[in-house]
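Please go over the structures that come below.
One chain, subunit A, links the two complexes that follow: it is found with subunit B in the first and with subunit C in the second.
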Partner chain A sequence: MTRTAPSAGGVVVAENCSKWYGHVLGVSDVSWRLRGGIVGLLGPNGAGKSTLIKMMAGLLRPSRGSLAVFGKSPFDDVGVRRRIGYAPEHDKTWDELTALELVTFMARLAGVDDAKAQAAAKDAIAQMGMTDAMHRRVRGFSKGMRQRTKLATAIAHDPDFLLFDEPLTGVDPVARVDIVERIRKLAAAGKTVVVSSHVLYEIEALTSEIVVIYRGQLLAEGNVYEIRRLIDRHPHRIRIECDRPRTVAESLAKSDHVARIVFERAGVLIETRDPDRCYDELATAVVEHGVHVSSLSSPDNNLGAVFEYLTGERR
Partner chain B sequence: MSDATGPRSSGADSLRPAGTIHDLGYKRYVGARLASSTRWLVVMKNHIAHAWKTWWRFKSSLGLAVIVTVIAGGVMFLLQDRTVKGVVLPSGIAATLTDGTLPRSIQWYSRVAFLVSLTIGARVVAGDVQSGAFTFYFARSVRPRDYVLGKITGQLVLVGMIYLAGPLMLAIARLGLADSTDQLIDLLPVIPKALAVGALGTLAFACVPLGFSAIVHNPRYAMALWASYYLIVGGMAWVLSRVTDSGVAALDLAASLDRVAFWLYDLELVWGRAKRIDPYVALGSLLAHAGIAIALVVWQVRRAHLRGIGGAS
Partner chain C sequence: MRSGWSTALVIAQLTLVRLFRGRAVWVSVVIAALPIVFASAVRAQGQHSNMQVDVLVFQTLLLAVLPAMFVASSIGEDIEDRTTTYLWSRPVPRWSVLAGKLVALAPLSAALVVGSWIASVFAGTHAMPSGLSILALATGAIAVCLVSAGIASLVPKHGMPLTIAYMLFFDIPVGVMPVSLAELSVTHQLRALAQVVPEIRDAPSGGAIGLAVLGTIWLGIALWRIRRLEA
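Showing the complex of A and B:
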């Protein structure tokens, strides 16, 4: 059965896309358009990230609605799968193969000419910083090395669209920074990259473009800061560490946009409904009273807070 | 990557590059993209290469097949005048070892092929389901039919190196032992007969274990199931056929292959399991086994593809 794919207009176009596993809902009525760049697919475990990624990779067919990659259904169209590079979440591979053998085989499976497959594999392995270990069997690899090898298998055939399912899980901090940098390079080379994670700071280190998925539904999409702005009903928190927190608090206490003031050990936390006004008044108070500010931060501008707000409403 | 160059002005400006392209450590693949229809060849080659990687999967069985061939060839050469017990010509005269060894050797090739079926064949689909390999196959431009065709042809090549090559070499050896040119010409049909028996055995021992590997998702259980069917069900079928005097003994794959071999080589068995089976029933049983097994593999792989089985999420 071939489904009609939505017309082109993005790398991925999902229209009312749903996926059930028997009675279990994987993804529910997702409509989404991905135009390019790096996008972080964010959600807690079991939210439907892997299901959505598998549908984009052509491994799963939507139960209802449609999902097109480059204008075609990846499940039905073998040709479009050649333009997709997918690194699954699981670590299972042919462990008795060396990294080079594994990546070469994957390149061949994706249609790379036999004569050039090994060169393409070596190049992909080099891009992932695994050249020194490419003749070693995957069986003896650490988690980080397995992740890099998996990413190399995804890029060896030079796809235009990359899908990395939890690529940083279990990777040590040094390797994480390195992998993030390499993924960024792929995007800089013109690839569209979707990276899923349930660890917020991993995505934050990669991109500010996010898609939040929760219980199979698309909760939010766009720039993390824009999304934060949209949540105006939630007070925005500003933390000031200074030598005279009570003076700062007194200056702002009269303002109607301030919802709450909490004194902390080294400063004061202000919850406001109008962050822009609050920052202006704060600056004025600091200058007028000669307060020495050692630190000014907003815990709500990170991805964790956004995610907490978005999912918290549905809990 | 190279620096971009453009028109340069004179003086100090000429020393400055007009622009720079940063090396991102990324090179585009420039080369042919093979058609999706060739993917089964990649799967087949990988299946063979994988089997060849370790000594115990295939090389040991191939070594045993070589030993069987050398011993059978030696018997044919050294004991030409002796007759073989339990094997007679249609006229009732006992067959010579030179002639009788050809169908007699089939049971030994069956034993070796059974080993290969255990170490490789019965693990194929179950192993790929368990290891999540389908994720790698079907996320690339591989269709279920490419996978099935690749795995079956790969397995046919491996088993064929034992079951097709062995009897063929013995048939050629038989021609070499001909007393005269006339006898050589008379004996020429042993070549297509050896090929026919070999092809049938190859088909059975390549496809049937694959079918069992498609039934369960654990390679060890699949191996156990196949071994039980081959050894226990086959034996029970033979016992049952003795009691009921029916053709149920054809469920015994090795006996069926023996029966077809003796039938093709125009020799009769005086005793033994194969004697009780009608050659046409044996032939039908072997083809039915292979057909059902292929259908099972196709069904299971299509099902895995549709359901997204094979990758933990």
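Showing the complex of A and C:
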């Protein structure tokens, strides 16, 4: 694998790019420039991540605006797709083939010489840790093996730009660590990689550079810590279901980090600007007053709630 | 980068590998054997009049099914299952995907139909069918493959059943109408080229041109649709 310099304008340049499926909005007025490296595309399901990735892969044509990869439209320009490797989100593939056959066919279709295609496929399969299973038919593969095979099809022709749509979905924790490591190696080898996920910690494991997409719009872009800081500026909510919610509320009411306390049917909801301190004080109050807690949860663990916060930030 | 035709050959190879690992080929061989069984049974009963005409009716039914089984299901499933995302994200011209499938499947369909025609005529008459009728069945099968490609690219989800329905409920009935509307029918043009049915007075060249025109129209529809499709 060779390190390739991105084109002068950036690997991807999207300008006011929108995509509709009939009346349904996929991506709305996205302007974005990707210069290189490994970038995480973060957003909840249905946010528009796959639409954006498919436009970069040349599978969808923008309804409005433009999107160029290496300066060319990937939908219209067949040649530029030689430099793109795409692993789709879905699991459907030609299950009648073995992993080696599948990856070899994909390499040949991507322009690798027939004589070299099988060697390239074997190399890609080895990079994804699938050598032992390469002569088995895809039909019998587990989710993790399918993900690895998909990634192998994307890298077999040694493209400069890799698009992995939800590559960690449904993968067991051990395989997840391994796949993350292999994707990082690709980026270290000079590839530009875009990885989508709806799980923040998956993206954090891969890269610190993230783009947050929600309801078809790019909400935020930059270092993951900046995004976290942005998120942290919003109160964190903790819901406590207990036998004496008023006692808990009184204990925390004087603390300066508590923004709001709301009594609910079975407990109390606390909004805090310092979750760590709040959890500590909560534990102290529960122990000191002998409060029986039946449930403790944070609605903000749902990423959708965080995106709602970020949407509010932009308004 | 590969040329479009080189890509089409890779796709043809991929299509055939997949096909021969499935059941469709064996099912189609069984279906193609039905006219032979029919012709043998008729001959065994001693009814020899118009044997070729009767077998040709059976063959048109075969034409309604076999190309749809191969071409329409191959194109329709790829679009519907989104496996086209693997193809269209490669440096592959859209037309070459269609061409690859047709290069693989149209000769196979034609070979099965022609093989069935020769075998059933021989089983029924102990004679070989005419060269013109063999040519008619082969070109007719290819034309129906193009019809299948057009319908499957327009309605991928139901490509195979719609192609069969189109052939059974439009093409074959229209083809036997004694009006100029019959010119729209692939099976009518096939009969004109085959020169087997005495009632059809059209010249064989007219049948050949008709098949070419109808095939080209459906191929044009398929290419137009595939070029615009998004995955």
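Just so we're on the same page, the second predicted complex is superposed on the first by the 219 of 315 C-alpha atoms of A that agree within 3 Å, B and C clash if a C-alpha of one lies under 4 Å from a C-alpha of the other, contacts with A are read in each partner's own complex, and residues count from 1 in each chain.
Keep in mind that, in the parts below, a residue touches a chain if its C-beta (ideal position, glycine included) is under 8 Å from a C-beta of that chain, and two chains touch if they have at least 3 such contacts.
Keep in mind that this is a model prediction, so the values were computed, not measured.
Clashing of subunit B with subunit C is the outcome of superposition onto subunit A.
When the two complexes are overlaid on their common chain A, residue A:158 makes contact with subunit B while staying clear of subunit C.
Once the two complexes are overlaid on the shared chain, A:50 sits against subunit B while remaining clear of subunit C. Within the superposed three-chain model, A:127 lies in touch with subunit B and out of touch with subunit C [touch as defined at top]. Contacts of A:28 after superposition: neither subunit B nor subunit C is touched.
Contacts of A:116 after superposition on the shared chain: subunit B is touched, whereas subunit C is not. Of the two partner chains placed by the overlay, subunit B and subunit C both lie in contact with A:108. In the superposition on chain A, the chain among subunit B and subunit C reaching more residues of subunit A is B.
Of the two partner chains, subunit B is the only one touched by A:186; subunit C is not. Within subunit A, the residues touched by subunit B in the first complex and by subunit C in the second are 54, 57-61, 78-79, 81-82, 84, 86, 88, 90, 92-94, 96, 105-106, 108-111, 153.
Chain contact summary for the complex, subunit A toward subunit C: residues 54, 57-61, 78-82, 84, 86, 88, 90, 92-94, 96-97, 101, 105-106, 108-111, 153.
Listed in rising order, the residues of subunit B touching subunit A in the complex are 24-29, 31-36, 39, 42-43, 46, 50, 53-54, 131-133, 135-143, 306, 308, 311-313. Taken in their complex, subunit A has these residues touching subunit B: 50-51, 54, 57-61, 78-79, 81-82, 84, 86, 88-90, 92-94, 96, 105-106, 108-113, 115-116, 120, 123, 126-127, 153, 157-158, 182, 185-186, 188-189. On the side of subunit C, the complex with subunit A involves touching residues 1-2, 7, 10-11, 13-14, 17-18, 21-22, 81-83, 85-93, 230-231.
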